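Before anything else, here is the set of structures, which you'll find just below.
Look for subunit A in each of the two complexes below; its partner is subunit B in the first and subunit C in the second.
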Partner chain A sequence: MIPLSETLSQGRELVVEIERRSGQKVADCYQCGTCSSTCAAADAFDYPPHVFMRLLQLGVVDRALTSTTGQLCYDCMTCSSRCPISIDVADVIETTKNIADEQGIRESERGLRLFRNLFLKNVRRHGRLHEASLLAWFNLKSGKLTNDMSLVPLILHRKKVRIIQPRIKNRAQVRRIFQRAKERPKW
Partner chain B sequence: MVNTAYSYYPGCSLTSSAKEYDISFRKVVETLGIQLDELKDWNCCGASPAPHHKAETLGVLLPGRNLHIAGAGHDAIVAPCAGCYNRLKYAQYKLAGDENIREQTSEVFQAEVRYQTEVLNIVQMLNREITPEALREKAQGRLANIRIGAYYGCLLTRPAEIVGFDSPRDPRKMRPLMEATGAEVPHFPFKTECCGSYMGLARKDIVLKASFRIIDVAVSTGLDALVTACPLCHQNLDLRQGQINKAFGTSLRMPVLYFSQLIGLAMGISPEELELDALAVQPDIGRWLRGVA
Partner chain C sequence: MRIGVFVCQCGTNIAATVSTERVASAAMALRDVVHAESIQYTCSDPGQRTVIAAAHKYALDRVVIAACSPRMHETTFQRTMAQAGINPFMMEMVNIREHCSWIHSDMEVATEKAIDLVSMGVAKVRGQTPLFSSHVPVVGEVLIIGGGVAGIQAALDIADAGMPVTLVEKGPTIGGNMARLDKTFPTLDCSSCILTPRMVEVKHHENIRLMVNSEVEQVRGYIGNFEVDIRKKTTCVDEKKCTGCQICEQKCPSKAPDEFNAGVGETKAISIAFPQAVPLVAVLRKEHCRLFIKGKCGICKKVCPADAVDYEQEDELHTEKFGAIVVATGYELFDWRQAYPHYGGGLYPDVITSMQYERMLSASGPTGGRIQRPSDGAEPKEIVFLSCVGSRDESIGRPLCCKVGCMYIAKQAILTREHIPGSRTYVFYMDIRAGGKGYDEFCRRAQKEAGAVYLRGRVGKIYPRDGKLVVMGADTLVGENVEVEADLVVLATGIDAAAGAGSLAQKLNIPYDQYGFLSESHPKLRPVETTTGGIFLAGACQGSKDIPETVAQASAAAAKVIVLLSHDELETSPMIAEVNHMRCIGCFKCREVCPYHAIEEQGLRDGRRVAVVIESLCQGCGLCNVACPPSVISLRGYTDNQLIEEVTEVLR
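Take a look at the complex of A and B:
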């Protein structure tokens, strides 16, 4: 049982914060559901986009912060482009996810974090992404060794693979970029 | 003004899994008599994993380095990969709009950042370099046997206030050149639906479902093929089509061509030179070109 009054009063501040950072007004949403009907990932979310908006309207922010919606949304922005009153729904979801991240409430799914980290690690070291390395490392680290192995014969047959890791010359500058982003993730 | 030379940013995918996009694009451009100069020592744009589209520094600095290099080259840079195009436009938008970001970026680059080179996607560039009338003349109805769908996906048009290319709900800019090939180009209702993006390794269930919906609607629209300008969409729709069929117990066979491959075919470039045999789902080129001299 959620003590509703308590949740609402705590939630209100966070909703104000989400609105401030995203520049969107969640109260404007009139629940037409267009965002959810167009969302390609809604089935994988615990709350589809319009329900997510409703949670924020009601101030039940803890549910929004811990939901898989923020973790799995990959920002295709279809919902935002379809909203009849131009609410940037994807931005509201992303902002909420960022707050959950910052407050240590909920991290992204392990697999997604792993993918992003391995991708960026490869780029940081070499300046360019080597797709084959990314696949190999992802499978090793995730323990899903057979992941996408069914594609390998096809990829080889169509000669769609580079054996050697591509590298740029000025890797020092790319390292400096990553170093800077690590020290100051925001401007 | 028509450019006769462009800076070229292929990006990582076009050097491996999307090599047919690179090869067919270069072939088309060469045939048009346009010069492409590959950006010297370009780096990965950061794609989706570099924190996106609000405020994060990495999302500007990585593509910003490429913009900076491009600033010493031609007036315009073409990025056929929709992801690379999107990231370049984003960096340019941030750099143009905020002096603080410009200063900090210049500090990291140890030089005053150059960011004003015009950034073009493949559709913009080819629309500029060949008119539908000129292509129709070359094509001579060569692809009149088929129906094709223009699939835009997400990154080419969204967010519209940053990329400013075409309507994010009902984009139409691929259409004139596609129709000039002689093919029928009916309205494709799922032209801006998302394919599932970069979730393929970590959450294949999401990608397969999202891409299944797109191909399923392409089939019910009666299309012979889809045309895309994005290597990631292509990977999900073409390379993973076998996985889609396995997951949903279907036997869909929907070829997905790159925009440059389609335009190349219309120009009379051979399927071999356009690397059509690199597609996972092979089109029936014999039927497509039947009756063509």
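Take a look at the complex of A and C:
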């Protein structure tokens, strides 16, 4: 049971903060479900995007903050581009996740945040994803060195992952993208 | 006798299953048939010309057209007959499409059946005699029953066309439910600001006679010639003398429930409904008056400066003639208390109806525009609206949608935000039905700008806890139960036809449905007509409607009335019942069964009492025909002999 009189009052401050940072209005969402039906990862989330939006509408922020939605979302932005009222759903989800990070809310599955950070670092460094090094770093940093090691010969053999992969031409430009994203006045 | 038979192919509609050539050649073999042919599209212009040419060439005096249903094209071909110089009623349509080609697949069998049907038609048309329409004069006055926005609109439109109108209103003032509303969706313009000028216009219009506190008692007659008894109930106040000064109301010691304000606040036994009432005349309600209950008072009579109060005043009965009637009796809110014990059944004072809330929103209402809890007068902060209370609920036998609930809730939610800053509104809904122009945007505005929290789900229970009302519902979008601690709960109650609409319909002899809504003649093509000629519908008496729809329908009904009354005479169908007076035994069984009151008693010179058909009333249904014990009533165009000939033919 959701005690609405309570959640709407208590959750209000945080919803306003999410709205301010993301520049979106959660009340705009009319719950059509396009975001969820277009989301490739919705099945993995505890709350598909439209329910995530609904929770914010009802002020149930604690569930939104601990939700796996923000942690597992791969920011493909399809939800945002398909939304019939042009809500940047992905931004709302990400903003909520960032606030959860700031508040030190524990991730639902260990390594999610680590993977995310390593992924971005990897792309920044190589200009594109260098999968082999990402896998190596992840195993190293997560302290599970032997994790999935038995698969290594097979993926190498099938050329799923290459150890040596051609570099992109202008890595500096990609770095500038990262720089700009950081500098963008989001809040 | 020279009969022509025309077998229509209707493109492939008939020809694909029935060999029209074979039907035509079989028809040629029938007695009296001098010409038969198959035509591709008989109803088309060349098709009709073929019929006319054949009629001339073969000097036809009777025609059988085997084609579609007479409902589809009988009038078309009657016109063709007139062009060919043949009495239109000497044409018989045989339906070989709906009754044959469309429902069969075997060509052989279908063709055989079509031949049978055509031979029956030929047998029937042999016995046909020319019939001629008669004319009845039309009374030029119009009666409008109900003085809400529908009745007002229709009255003004008809009166502007120069026709005298009598507007009969049951209550003490015109204006109806619209006069009780504060604002209107989706524009939020003030309801009375747009309505009261129209009310005043009615009062001053030279072609409109306004009769308030009046009810229709009895209706006789028929299209163009109705005779109506109208009872003007006593109000103990002389309408002509009363100036509307309201001194009587101020001095009156007897309190009375305030119906105009939906029971919010109280009024006096002698009172004026609201400041802009038309006519602005006080009404005394005897059931609440101390003088009539205890026999001692008479203050109002003493204080009245116009000497308008008259305790002896009696009901007046007027009998008037009208050419057409517009029924605009409107709606009432469904009484939810019996049906919803889980919402308190009326026991919790802070569970109110939307009309009560509306009256509180109104600046001229009993609270002066202040929203307050009935229990303690406090200003509510958390207000919950429940839609579909008494609508879309099969368990209480009300599956109908009230059509306006979603919209007025949105309006009230928006207005609440303006009236009580810092308040929060919740709306429990099943679907948001906002189909009109600008309506969906309006509902979105309630959510986005007025911050109304919309929750998709019906409320299961309301109960009091610590001075608040706990509203237990569900939000099916999240898939979880929700709970609100409300200060005030507003029920968007469903809409019913006005009480008495059913009995009025019986007096008018027009059909109505199980909810008391009056039935239109055809849901699409005759939306303001009833099945009784000359009686039209306007507004929510026909089914729930919002204001724009009501006004549009009222103008449509007015247009129909104007068309009807623009003729001095009306043509009547000649296919009606006929009594053979020589053999009538005067039992009047026919009068008992006649649904149109079309049979009257007449004395002959020899002293016998016989039944006579009032031609303009008879609709040709044939009930009297079968009820008549000596079988002396026949239906023109469908005489017993014709039908026997038909049956004999098919049994041959």
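Everything below uses one rule, namely that the second predicted complex is superposed on the first by the 105 of 187 C-alpha atoms of A that agree within 3 Å, B and C clash if a C-alpha of one lies under 4 Å from a C-alpha of the other, contacts with A are read in each partner's own complex, and residues count from 1 in each chain.
Criterion: a residue touches a chain if its C-beta (ideal position, glycine included) is under 8 Å from a C-beta of that chain, and two chains touch if they have at least 3 such contacts.
In this text the structure is predicted, and so the values were computed from the model without any measurement.
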{"item": "Touched partner set for A:Asn147, first subunit B, second subunit C, both or neither", "value": "first"}
{"item": "Which of subunit B and subunit C A:Leu120 touches, first, second, both or neither", "value": "first"}
{"item": "Partner chain(s) touched by A:Glu102 [first = subunit B, second = subunit C, both, neither]", "value": "neither"}
{"item": "Which of subunit B and subunit C A:Leu55 touches, first, second, both or neither", "value": "second"}
{"item": "Between subunit B and subunit C, more extensive residue contact with subunit A", "value": "B"}
{"item": "Partner chain in contact with A:Gln31 - subunit B first, subunit C second, else both or neither", "value": "second"}
{"item": "Interfacial residue positions of subunit B with respect to subunit A in the complex", "value": "12-13, 15-19, 41-44, 46-58, 61-62, 65, 98, 100-101, 104, 108-109, 154, 157-160, 168-169, 192-206, 209-210, 213, 239-240, 242-243, 277-280"}
{"item": "Residues of subunit A touching subunit B in the complex", "value": "38, 40-41, 43-44, 72, 74-78, 80-82, 88, 91, 94-95, 109, 111-112, 114-116, 119-120, 123, 127-132, 134-135, 138, 142, 147-148, 150-151, 154-155, 158-162, 166, 168-170, 173-174, 176-178, 180-181, 184-187"}
{"item": "Interfacial residue positions of subunit C with respect to subunit A in the complex", "value": "382, 424, 426, 444, 447-448, 451, 453, 455-456, 475, 477-486"}
{"item": "Complex interface listing, subunit A residues touching subunit C", "value": "1-5, 8, 25, 27-28, 30-31, 50-51, 54-55, 57-58, 60"}
